[in-house]
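I have a structure here, written as structure tokens, and I will follow up with some questions on it.
By written order: A, B, C and D. Residues from 1 in each chain.
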Amino acid sequence: MSADLIASRQAEVIDEFSLFEDWMDKYEHLIELGKDVPAIDDARKTDDHLIKGCQSRVWLAADETEEGTVRFTADSDAIITKGLVGLMVRVLSGAQARAIAEADLHFLDAIGLHQHLSPTRSNGLASMVKQMRLYAAALAARQA
Amino acid sequence: MSADLIASRQAEVIDEFSLFEDWMDKYEHLIELGKDVPAIDDARKTDDHLIKGCQSRVWLAADETEEGTVRFTADSDAIITKGLVGLMVRVLSGAQARAIAEADLHFLDAIGLHQHLSPTRSNGLASMVKQMRLYAAALAARQA
Amino acid sequence: MASLTLPQRIRKEFPILQREVHGKPLVYLDNAASAQKPLAVIEGQREYLSNYHANIHRGAHHLAQLATEAYEGARTKIADHIGAASTDEIIFTGGSTDAINLVAQAWGRANLQEGDVVLVTQMEHHANIVPWQMVCSEKGSRLEAVNVHEDGTLDMADFAAQLERHRPKLVGVVHASNTLGTINPVADLCAQARAAGAVTLVDGSQALPHLGIDVQEIGCDFYVATGHKAYGPTGIGFLYGRREMLEAMPPWRGGGEMIKRVSFEGTTYNELPHKFEAGTPHISGGIALGIALDWMNGIGTAEISAHETALVQHAHSALNTLSGLRIVGTAPQKVGVVSLVVEGLHPYDLGTLLDGQGFAVRTGHHCTEPLMDHLGLESGTLRMSFAAYTTREEIDRAVIALDRAISMLR
Amino acid sequence: MASLTLPQRIRKEFPILQREVHGKPLVYLDNAASAQKPLAVIEGQREYLSNYHANIHRGAHHLAQLATEAYEGARTKIADHIGAASTDEIIFTGGSTDAINLVAQAWGRANLQEGDVVLVTQMEHHANIVPWQMVCSEKGSRLEAVNVHEDGTLDMADFAAQLERHRPKLVGVVHASNTLGTINPVADLCAQARAAGAVTLVDGSQALPHLGIDVQEIGCDFYVATGHKAYGPTGIGFLYGRREMLEAMPPWRGGGEMIKRVSFEGTTYNELPHKFEAGTPHISGGIALGIALDWMNGIGTAEISAHETALVQHAHSALNTLSGLRIVGTAPQKVGVVSLVVEGLHPYDLGTLLDGQGFAVRTGHHCTEPLMDHLGLESGTLRMSFAAYTTREEIDRAVIALDRAISMLR
């Protein structure tokens, strides 16, 4: 089950972040995570894939794999934003479209990054999550 | 000297009002004073003689007497406003135009009616005083 | 606690009610002009300024985050309080006047044309008249007004007739009259107006502090209100607009916040609600308005309404014992507003002599001059207006004080 | 006392400066976005709400009198502070943005015609661009912008050339840039503009907190500023307008207060300044803005300016020790604003990592997108901005924190 997959990955991330007491250490880790983001094709870095509402720019693409799951690729011109994308991709990529669309993403809260979900936060994590769900929902609709 | 006349009348009013400790007694007296206001001719109760900026309406006229002094007549549709007019007329009427134009009217302060001088006070005492001075200044200019 | 009256429970929360005026205890009966503030509002504003003030929305730092969350949280409270479908439909404004001007300018200038009619009522506040006069005169449109009966109720037959006759583009009506107290049947009025093809605006300035409000039940396109009459701070109010209306309107004020992208070649505007909110907003005011609504909801608008209805009834009977006194506005449904005149006496004199006894009331036309003209009340009225903290005893004392004033003037 | 520095003397008056952020002491370097408030302002506003709140101007009762006197007293303080000829020339607004919109709408719509030009500079805040774009697009007028040099100074030759070429109807220029810090030679600019027949507007949003201002020396027709950047509350600001300009302008917002007489047959407008102030104003904000000016004048704008100039110099040299860092805006005359970029790094990342260390700075375009485009700074800058309470030590610590952020990101 994809929902279980998302849940276990969230648990993993929460575990991992629990090691960092200090805010700065947490961000150091986030920066590391940004380095592993599966890169979006340069050709796709167009306005179509640009997420609105960010101070930094984020490009995001979603593709259906042969197994019918969703694969995200992304990039950002800001490193921390990329870390946040990386975190989202790590939790969601490879899950079923429907599971992504409906996922209960409590881990951001648990690891103290909840603040980034505020719609007014300039990195636009909220817009990012919304866009990921929208892509997934669109795929799920096509699959149904 | 007219200036002395105004000064001595102010002293008289201050004396008189010093009898009243209570706000309401003071206003009772003010209401009485309103009854003695030399009445403006009904024919002159036109917009020309209406003072602007009052919640209640005040009509005021100024005439030169044979002795070259100024005589005020007035009316108002509100009794307290009329009392305030009465007080002003009592202090200023019969003085020389120039003296009125330049009078230092400290008595309003002394008897605790200063608040009525605020330009925002709806009875427009400030407008009234201004109008009396304007009339007087105009007469003084003609006399000069 | 249950046996305590509402004022007994809450008066201690209002520091100003402890003060004296001219050596007498203050009795504040000028609530329709502006209500006093509970400690929650005063302290909430202070807490904001002392602890988490920052400019909002674009800041990535922690204080900006806290301030933004609180301000946007207040928007959510407003949306919930009046039953809006979405927070996007709530635009913060400087007050009701600012909100109506926004509609008159943004919607009106885009939609009104020569010969069009805007229909309001004779009991509107100047805030719901002058903005329409201004845009009508620019556009060659006409402003018409529905008749008000002697008792202060709206002439429903005239309303229907004028709808039919003028086919107005917009109907603007006050939810509750600040001069007469009359509560208008706004849901009914909006339904009729909508059926006649009109856009509807309800001025809820006096309703917000007194009544429960549900804009979807009312069925209006626009609803405006102001914070300072509803136990909130000055300088803040809101416009509710149905999403489709707001989406279709051009922005009114330009500047920061309301844009998506600015360049000298061309500028694109932000999404709702920000499209209508240019510049740094009144952050502390927005937050404190949210607190004021929380405070009201802590009591419950039903209890506040019931309390004020009882006060109005009590005031009516107590005042009717004074000879020569006439109550202006005796509609069956009223908010806590009692206007009156005394035969042969100027309201200003009465107001002044009440002030001398510690009573704050308002006299004059209450920014409803056309209504005063219509009712033949050239000098206006004396108005006592109540709030959740007003007591029957205060009203009784006001009646005695009024009696004394009348004797002094007669 | 004289041996204490300015911040040492005043920091204890700012409760927020005692707080922590993410477990670290707050270092607030986002003053150009909004300044923090001294106790005098916070308590002044509380005192008003606790003790003498009432709606102003029309009320005859004692509280209304007190509130009116305080509010009008604040108007006098503003007039005195900026050297206006009369209090009638001071219009309270919701802020700078609101004030510029007032001019753009009331003056602009009455005076701009097809083919007319409004001339601003490339360093204007969106608040001094978008309102002009809106009215220009309505009237078929054009908005042109004066070039800004790489160092952040205004291109005076281009200014003269564009004046000559366009003969603009209005010239709008920022007194001090919120992004670059540049203090523009506004008296000179206004003199040239006036000689070319243009009306002049100066955006003093960043000047009010930092500089002494004399509108008659500047010789402008309009001057705007906002309270929250000058130690005052949110939701309040002002427009100064030369009397003849304001007299000739139609009102903008309609409603209560701004009228002399309202009837459905026709309405006449009130005198200055009320003609431009519709509705219940932000009373507590106006009063507290007056207190903020008193507070500033208690120190003296000269001392504040000198302090901030020294801070800017200190910050420039301290920051220049970091490799790959470039300061954006190195005009000889600056207010307490330092914008910077670090090669290869996104300002947003730097800002976030500063926030994590307790430093509040701002990143992005600072509502000056056209300037950022012009300077080729697509991702904006990181901006540190100072106030009277900012210390050299805070700047030193910010530089260390920035250094750490840079290492983490490289």
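To be clear about the criterion, contacts are C-beta pairs under 8 Å (C-beta built on N, C-alpha and C of every residue); 3 or more make two chains touch, one makes a residue touch a chain.
Everything quoted here is computed from the prediction, not taken from an experiment.
The chains that touch both subunit A and subunit D are C.
Two chain pairs, B-C and A-C, are compared here, and B-C has more C-beta pairs in contact (counted per touch definition above). Remark: subunit A and subunit B have CA centroids separated by 78 Å (rounded to whole angstrom). Chain geometry summary: the mean Cα position of subunit A and that of subunit C are 45 Å apart. Rounded to whole angstrom, the centroid-to-centroid distance between subunit B and subunit C, based on C-alpha atoms, equals 39 Å. Among the residues of subunit A, those in touch with two or more other chains are 55, 122-123. Multi-chain contact residues of subunit C (touching two or more other chains): 22, 58-60, 62, 348, 352, 363-364.
Listed in rising order, the residues of subunit A touching subunit D in the complex are 23-24, 27-28, 31, 55-56, 77-81, 122-123. Partner subunit C is touched in their complex by these residues of subunit D: 15-16, 19, 21-22, 26, 28, 30, 33-34, 36-37, 41-43, 45-46, 49-55, 58-64, 94-98, 100-101, 104-105, 125-127, 129-134, 143, 145, 226, 228, 233-236, 251-256, 258-259, 261-264, 266-267, 278-285, 348, 351-352, 354-355, 359-364, 367, 369-370, 373.
Residues 56-60, 62, 65, 68-69, 72 of subunit C are the ones touching subunit A in the complex. Those residues of subunit C lying in contact with subunit B across their complex are 22-23, 345-346, 348-349, 352-353, 356-357, 363-364, 379-380, 404, 408-409. Touching subunit C in their complex are the following residues of subunit A: 55, 115, 118-123.
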